[in-house]
Structures are given as C-alpha cells and as structure tokens.
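Chain IDs A, B, C and D follow the sequence of writing; residue 1 opens each chain.
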C-alpha cells in the first residue's frame, strides 16, 4: 500500500476541492492507498509539519465547495524563504528542509496543486529527488501548458453575472460603468467575460490602451443612441506610453488592506474628465475567486485529480497534468513552468471582439 | 376611456419593470385604458416632455429585467430645481410647471414610483390638484409605511450570494473579509444578509460601533479555532464618538466617480492595526441594485402596480400602496413620507443575531 | 445547565438546517445548554433511540445546505403506528412510548420542527406532559397560524426559474408548456410562481377549472399573436364536476415509484385534444424541495430556531413560533394545528392575477 | 453591399441568440451588409416565405436570452417533405423549392444553424449551388466535427444544479433518486453532469447496463453507510440483452404529449423491486434546453457567428465552423454530417468516472 500526500498552494480557486476529492476517491477508493493532506500549502512542510488524514469520509460533500479544505498560503515559498540569522532576515532556498519534512511523514509521492510559483517549487523538489506530480491551477488561465485550468470558467461566470446586473442599472441611469476584473498579465477573464457580458470596451494587459480613443468610442456610441456603456478593465491593463492616467489613487494603498483604487478607478476618472456622463466603478476583487465551482471546473478538477493519481501509479514523476482539446494528458513540469498564456493581440478571439464592435483600447 | 401616466424616480431597483408591467396589463388589458410612460423620472416632465406609449407589447418580456425601461433620474427634483436667472443658479419649486406639462399630455392620473423623495413630490403635486397615486420603492427597506418594498429582497440575495462566495476564500486564506453593503440610514440589508450569509460581525447605522470591541470579538473567535471572520458593514455605519477611525480615505472621493474607499476600507484599516491577520475589503456597490428581480420582488412589484390602477379606477388619489402582513393595502401619501423604518437597536431581529453569536459592534 | 432535543419531521424543506443551527448557536453558544439531535424525525424515538450530539462544530457550514442533517421520516407517526400483534398489524397510538424514550435520553425539552402532522404529535406529547415547542414547516405555505413558513420562498424560486427557462423554449417552438408544481390542498406555489414566472394559465386546488375555458383562453391568446402559452398546474388542482379529464394516467402509478403522470399530464392531454398545438409537460417534483435555501428562508428558519429556544428559556411550552407581519411571535400548538391557509378564491392576489390577464380556469 | 440570411433549425438550444447577434453585429456593424432572418427554420422557406429584417437594434439585449428569436421547427425537413398529390401524402425532396424561395428574397448567402439534420439539408443546398455556411448546434454534444457545441455547457449546468438539489432531499429521506436526462445516442450530458453532480450510478446509451449490477452497487453503498444514492440515466440508455426491464410505461405515451414514463421510470421500477428502499424519479426534460445561456455558450455561439460571417466574406462556402482546442476553425459540411461523437466506452473520462467509484452499469 502506497501513501501519498497532496497540498494546495497559491491563491484559492474554485475546483481545488474537486481535485482533492478526485485524488482521494481514486487513490483510497480504487487503489487502496492512504492519502495525507498537507495544510496551508508548503507552509505545512516548513513552519512545522501540518497534516491531516484524507479518507473517503473527509472528502464527502466538498465537490461543490469553493476554496480548499486544506488551506493555502501565498507566503511560504521554500525557494525564497525568510530565515533569521544574526538578527537579520536572509532569504534562502530551504527546499532541502521541505524534502526532509516530507520524508518524515512517510509519503511515497506528493501531488502539488498550484500556479506557476507552486509548480516551480514542485520542479525543484523533483530535482532534489522527491516523487512529485503537479496539477496546474490559475484562475487567470495564464498557463501555456494546458488549454484551460479549473477556476477560470467559474471566474468568467461571476464576472458575466455581474455585468448582466450592471447593464440594467447602467441603462436605467444612462451611466458609464467601469468594471475592474482579475488579470495581471493575461487578460482572458476581461476578454471572455466582456464578450459574454456584452461589454462595449475591454482593456487588457496585452493591448496598451489610449484613453482618448476609449472616450471617442463611448462618445460615438452615445451619438448613435446608446445611452450607457460598460467598460471592462483587467487589473493589469495600462495606458499607452505618454498618456496621462490619474495616478494618485495608486498612492492610497495601505499595507495589508487591498488597494481599492486601481486601474478601474483611474480609467473612470479619465472618462469623467473627457465625457459629460456619470461614471461609476465596480471592483469585483475577491468575488471572482470564491464560491461554488461551475460544473466545468468541477469536472476538470476531478479529472486532473484522477490523472495525477494515475501518474503516481505509473511511477511517472516530474510531470504535470494538462487539458489538450478533449483529453487530459501529461507534460513535464520543466516545460510547464515559466511559459505564460497571454491573449494574442491579433488572435482570433480579439478579432472576433472587434468585429462585434467591442473597443479594445487601440 | 381613461389615459394614465407612469414614471419611475430615484435609484433603480429590481422590480420596477414588474410594476410597469402590472400597471399596463391591468390598465390596458383589463380596463381598456391608455398608458403613457414618462421617461427619466420627473425629468421627463421638466426639461421638455419625454414620453412613450406603453401598450401590451411594450411590456412583453420585461418582468424579469432589472432596472426600469422608462429610465430614472436622481437629479430632477421639481421641489428644488436649478433655474438660471440673471446669470445665477436659483433653486426653485417648479411643481406648477410639472402640473402644466402633465396636463399637456392629456393624462387623467399619474402613478409615481419612487422613494421618499419621489413620494414627497407626488404629495406636493396632489396638493396642487393632480390625480396622483404613489408606489413606494426603496432598496434599503427604510420606508415605515409598508412592511417591505420590492428590490430589497433581491439586494439581500445579491449580498448573501457574495458572502457565500467570500466565505470559502476567507477560510482558505485565514483572512478577515470586510464587506461594505448599502444602507445609509437603515441597516436592514446588512443585518438580514449578515444573518443569511453567516457573518461574524455586522455593523449598522443604528448601532454606533466600537472598533476595539470588534477586534476583541475577532480575536476571541480566532482563539477558539475560527481562522477567518466575515465583517458586514452598512455604508452608513459609524464608530462611537471618541473612537479614532481612519479618515483619510474619505478625502479620496472624486467628483463623478464613486468613492471606493468608504467605511468598509476604514474598518479594514483599523482591524489590520489591531490584529495580526490579513484583511481584505469588498465594496458591493452597484451590484446590489442591478439584475433580475427575485420572485418575491416580481410578485410584490406586480401587485403594487395592479393595486395602483385599482386606486385610480376608484378615484382614490393622494394614496400610496403598501404591504401589510399578507395584504396589499393603501395609505395616504401624507402619512407615508418622511417616516423612516430603522432597525430597532434592541428589537427581535437584532437580539436574534446576538443570540446567534453575531457581534453587532457594541 | 439544560439539555434540549430537536427533531425534524415530514417532507424535507430548505431552511431546516438553518433552524437547527439557530437552535444550537443560541442554546449552546448563548445559554450554555446541551443540544441532542434526534435522527429521522419521530422514528428516532420509536424504532430504537437514534440521537447525535449537536455542538457548535456540528452545525458549522450547514446554513446554506438544503435538507436536514438530522434526517426525517414520513412514516413514523406515533399517533398511528403499526404494531404486530397475533400476526396482524394493528395501528396504535404509541405516544407514551415516545415519552418514555424521550425521558431516557435525559432532555428537559423538545423542539419539534414539522408540518401539520408533526405539530399534531407535538401537541399530543405536550398533553402527555412533555415540554414541547413546535416550529412550523410547510413548503406549500398552507398553515394558517403563520404568515409564511421557510422553504416556501425557495420553492417559489425554483418554480420561477423553471418557468423562465421554459418560456424561451416554448416561444422558440410555439408550444403550450404545462408545468405541474407542488400544492395538494393549497395553491400558493402555483399562484405566486405563476405570477412571478409570467404564466398565462394557473390552475389551483381552490378553484376547480373548466378545461373548455382553458382551451378557449389559449386559443384567444394565439389569435392575438401569442404563439406559445405557459400553464401552471398545482398537483391538487381538479376539473369542474361533469368535465371529462383523461383518467388513465392515474392508473399508471406504481408502488414505491412516484407517479409521473398526474394532473399535469391530464391537462396536457386535454389541451392536445382541443387545440392544434404542440403541448409538452414538465413535472417539477422533488426539484422544488431540495437545494440551497433562499436568504429569506435562511433568515426565517434562523429566527424560528432562536425563538424556540427563547420559549424554552421562559418555560413557555405547548407553543409554536410564527411570523406575523415583521415579527416572530408565538401561538399555542392547539390553535396552530388543523387550520389550513388556502388561497382565497376571490382574494386580492387571485384578483390581481386575473387583472394581469392570467386565466385561472374559471 | 452583400445581403445574407440566417436561420435556426432543430430543437432550441441556449446560445442560438448569441449566434444570431454575432452574425448581425459582424455583418451589419463591421461589414456594412444587410441581414435577413428566416423564421421557423426551413419552414420559413417552404410554407410561404417568412422573414424579418435583422438590424443592430433587432439583436439588442438578446445575448442572454435562451431559445431563438427566429423560431425554429422540427418538422420542415425539405429533404423529406409531405406533399399532397392525388389525395395522398407523398414524402419528397423539395430542396429545389427552398433554393427558389431563397433566391426570391435576394440574399447572397445563407447561414444555417442546426444539428445533424439541418447540416445535411445545408450540404444538399450547397450541392444545388446555394452559398451556404453551417453552424453546428447540438445540445447533446454528439457532433464529431467540433470539440464542443454551444448549449451543451448550459445543459450540463442545469442538470448539475438539479443533482445538487436532489442530493439534499435524497439524503434527508434516505432515498434512491433516479434522474433522467437528455442524450438519445450520446451520453455526454449524463456522464459529465453525473461527475459534476456527484452521482453514484450513471447509465449511458454507449454502455448497456445490467440492472442487477446497478442494484448490487447501491446495496454495497448502503452497507458502507451511504444512506442514499443518485442514479443518472440518459434517455437513450438501455439494459443488456436478456435483462428484463419493465416495459409497460413505454406504452403510455400519447400522441402530442411527451412521454413522461421513460427509461428513468423503468430503472426506478426495477430498483424498487430489487432493493427495499424508497425510489423517486425526476425527468428533467425541457428544463435542459431553456433559459439563459452560460458564459461559455454565449462566447462560443458569438465566435461561431462571427466566424461564419468571415467565411462568407471569404467566399468560402460549403463549410461549417467548429471549435478545435482553443481555436474556432472551419471544416467542410460534407465531413461534418453523419459522424457522431459518442462517449468512448473505455475512454479517459469513463475510466476517470469509474476510478471515482461511480458505477456505469457494467
């Protein structure tokens, strides 16, 4: 009988519990193995060892729960970990300590579920001799090695529902509504939910925008009788060099508290200046991460979990599971990390958006 | 054959279209009258006359649409209207002009749908001899004359769904999540959605809060193993006199752009200072107004619309429709306006919340 | 320290877990009592004693779960219980045995959550000297002693959502869609969800219908350009005496399997015969009972649970909690049972429906 | 300026309006063409010519509407059309008449949106010289030429939500719940929604089932403490040869009225006989077709619509649009038709389901 361990790292994401359940039902139920859950991501192998038994009962009823029953952590990166020495903080690679702690719990293999950061750690641990299998998780859909990841579909659903809501209020009040959504590097959430939610303007990190052209587009729309406009802005979008975007709000961030004034507020401020219309800003923030996963994400997370167990059964380590077309396949961790899936600025979907009459800021 | 007119004033609210549809189907379909829709609230009778015909076809498919097909306006208050004279703006009561414009469209009676402001105008017009009937609309549920208004139920639903979502992400990351919701004077949305969404702390306008006690409550919860907390704050909540609440953010508001930093951000800042936990803020804002009305609001809006037509058929003017227990009744506009329905600070629902272990800031 | 027990009887209903959580958080958290959960309704005090400890942890995360964590039973009616004697089944009142079993678990009082049947048993046990408090539960909203019960709002929501869905498919295919919903004696679900979901015809148990008039109404609607119709039928609706309604389908029921062919199918069959239109039937059945409770039901269930604990704290037994207007109050069990809340055939809501142009079968 | 026409054929499907809107916004808004909508599928080119102008205004607000604003028809198959001759009905190929009617409306090209049947007609018309482009539509996801079609994702969502609901009621009452879902030839909806909704047994058309083994699985589950079971049955599932499945219910179908007793009821009947548990059946039927399309389906439908216009702009006729991986591509109509996408009985997803402990009837 094998013993395997599983941990979830990075920002939480709808579908993580589906992965955990898939791992446990396949490993325990079908293979007769034992599964140990490591708590709070790699923290659970660093600042002490925090584990819990994951039997079939432990995963009952979690398929439709958002978040992760194991907890997660954005802090505990063993490749760059704060160690106090001589009264000073040194940032060190403490991977070998993770390996030691991992060995002490008596597991034969580890399934690490996480984004680019977590997968890099997984790759490092694999190089150090650990039996590691990775499962990609990125709510932004910004990983190149898989067609899509779980969580993304749910996030697009949350944003679309919000846009549906904001449409009616924008229309009733003849307003411009600026909606800031997730996406630091990749604008997929903004692009797809913008198409799905009937946005008039979509601003992506991949396409620097001209605020002047945005205003012109809204003005044109108004002249044709459109009495409101919906602008979707990815948090990583930015104006073209040389354009003035109000910057004060960036100074209002406070340690520990999320910045509330971001690119959305800046864009709203600019539109207020160039057009004589009421403008309102909505920052969707954490709403996009939480809640019941969509069926798509439940299924994908489940398949990923089962596939990861398959890889362990085959002794096929250093791999990551991925979706390609209709199939769940595997790829090497080495190939998977560090390669971002950005929105092609002249790809089919961007072109489709422009043919629909959506303004992309250029 | 009678001709009647209908307008919607103030902030938009799920269920307004159900009202309009109820009015039209009853007036046109059953009574054989003609219905004229006045656009953009009282604006449609002030800055020119903006109307549209409302026949049965015009209200098809609108029952489940949020907002109002007639548009609304927060600006056009005829009791206090900006008039240019000698190069200066004077604020004047231009009600008599509204009456004139109204008479010119040839309607026998007006149904005015709106909040306290709109109903006050309606009462004034009634005093000036117009045949007016009012329908109350307040998303905050802050009108005393009716047990409940449409829109409120939908808003509580939106907030509850958001709290459900934020729960899973708060739990996964061991965070304090501060959620700012609507409610300037009355904290009903915060109180009911807080109970419904399993909040740990609820801060209402009616109960000035001690931030120290809030922090103590979260600390106590953490010591008992609760690794996250959900704090719901009504936008009108405020700290007890003498307590320091960070105030800078209030200065960050910009004309035309909604303030993003409000009481929610302030409370989050304070909690960050008194507790060593990650705190995140979410401002639900306009999400609470928009979108498909809940069945409760569709039914109540519909019944209100039908009842208003009944009152006109009976020549019973100067009245407002209201819900009492299971029945839709009428009351005088005079009684209805100016009397707020606040959360009783020691009422049954507040006591129930406290017995559940929810902290109300005192 | 007191020990109290709680059980849930009859058909399941969204909001039962909110009640249980409200009871436990108030009794354990605020009063410092102990709470024992009795499993599977009165079965748990009859065929053996089945209980479980309900501490604060046991009710975590259940607020948004449908059903009841305690289980329920439609069978174990102690007032009419099958006892084998001399090889024959005798139906007997075994209430005294329930009292005995109840005394053996050492609880000071019982909270019984259920419909008319459960409340009658509660009243009987109270007469036998048990400290009983009742909480009404009826998804049909057919209890007179309370303005409304939890579960009903969720059910109306499920039906409305289904009607929204069926509208688009009916319209695309120019069909008549017959939708059978819950309501054996009281037609509230059919009436309210019919209004909310834009039904064209609503058939209630309280108003015997003429199929001829139903067909005439659909024909008239079609002549005016309405290319589809939605007919909502309560399962307890029936045709006027003398009218022929196809009856074979009633004979197709099989023991243990729900009848699939009921009044909905009969009405559909009749419409097919009198009109040359495609007719489809949908039986919503168990979908109406399950799933996440609406905020309204979570709040009402929670308040009921807290109030029941209040009554026990006051030693106020033989009572049932109820909603009146905006307040949760108490009434005697004796008054509460046996008095049905039917739809008044000429009440305000029925009249409103008819003024909207909805056909009620007469 | 070109003039193009668009029609929707076959069963309605969420996302059809997104296609129509995508076609119009791209063709009218970007290319400056004219778009004619043909009503009720090929009926609109057969029994008279029924068209309507589709300008930008005609498609406002339809993105989130289920069904099709153009109407559809299951009857008007021009390859097999009833023609009265000498008092008898002859079934004839009347394609040439469609071509004639089409030519008379002055359109340069036709976009035909539909399933296998519609696409076959499109291919025939193309062979007769018409400029035709096809867009695949199949709610069952049973077309081989595209990775997935719009509508399918929404249907899986509806079924999953129903399973979530039924779970809680099944659990509270310790029942077996049999849920019949769409899927005559292909079991994708049953398989994916079964995985997503946590089903215990899934029966597909592609895997003939043994009712004995189904009963054994449920019995085993019960022995391990699982007090309820969820069985998902595709409408096209069937028992292994030689097994007795109750057949009477099949005889209860009535002309014009949907059969309510189908495979779901049969399976429920069998389980009732072999196990001593309460069994309930729910037939989801038309609920799976209707309602607001999911974001996935809105986006896919929109992209398909835009791509079809691209093909016309390129003069690339006789083609069908399709999704492959992340890209929308084109394929020939000839290749697309007649090739079904069935669930591979030993493919990755079926194996994943079995590793999760789901019973597939074998």
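Here, a contact is a pair of C-beta atoms (placed from the backbone, for glycine too) under 8 Å apart; a residue touches a chain by one contact, two chains touch by 3 or more.
Note that the structure is predicted; figures quoted are calculated from it, not measured.
J.: Centre to centre, by mean C-alpha position, how many angstrom separate chain B and chain D?
T.: The separation of the two C-alpha centroids amounts to 42 Å.
J.: Just give me the whole-number Å value for how far the CA centre of chain A lies from that of chain D.
T.: 31
J.: Between chain C and chain D, what's the gap in Å when you average each chain's C-alpha atoms?
T.: 34
J.: Two or more other chains in contact with one residue: find those residues in chain D.
T.: In chain D, residues 164 touch at least two other chains, as defined above.
J.: Select the category (line, ring, star, complete, other) that matches the graph of chains linked by touching.
T.: Graph shape here is a ring: one loop, exactly two partners per chain.
J.: Of all possible chain pairs, which ones touch?
T.: Chains touch in the following pairs: A-B, A-D, B-C, C-D.
J.: In the complex formed with chain D, which residues of chain A make contact?
T.: Touch residues, chain A against chain D: 22, 25-26, 29-30, 63-64, 147-148, 153, 156-157, 160, 164, 192-193, 195-198, 294-296, 298-299, 302-303, 306-307, 309-310, 324-328, 348-349, 352, 354-357.
J.: Can you list the residues on chain D that touch chain C in the complex?
T.: Within the complex, chain D contacts chain C at residues 11-12, 14, 16, 40, 65-68, 71-74, 158, 161-162, 164-174, 177, 227, 248-249, 252, 254-258, 260-261, 265, 268-269, 272, 278-283, 285-287, 289-292.
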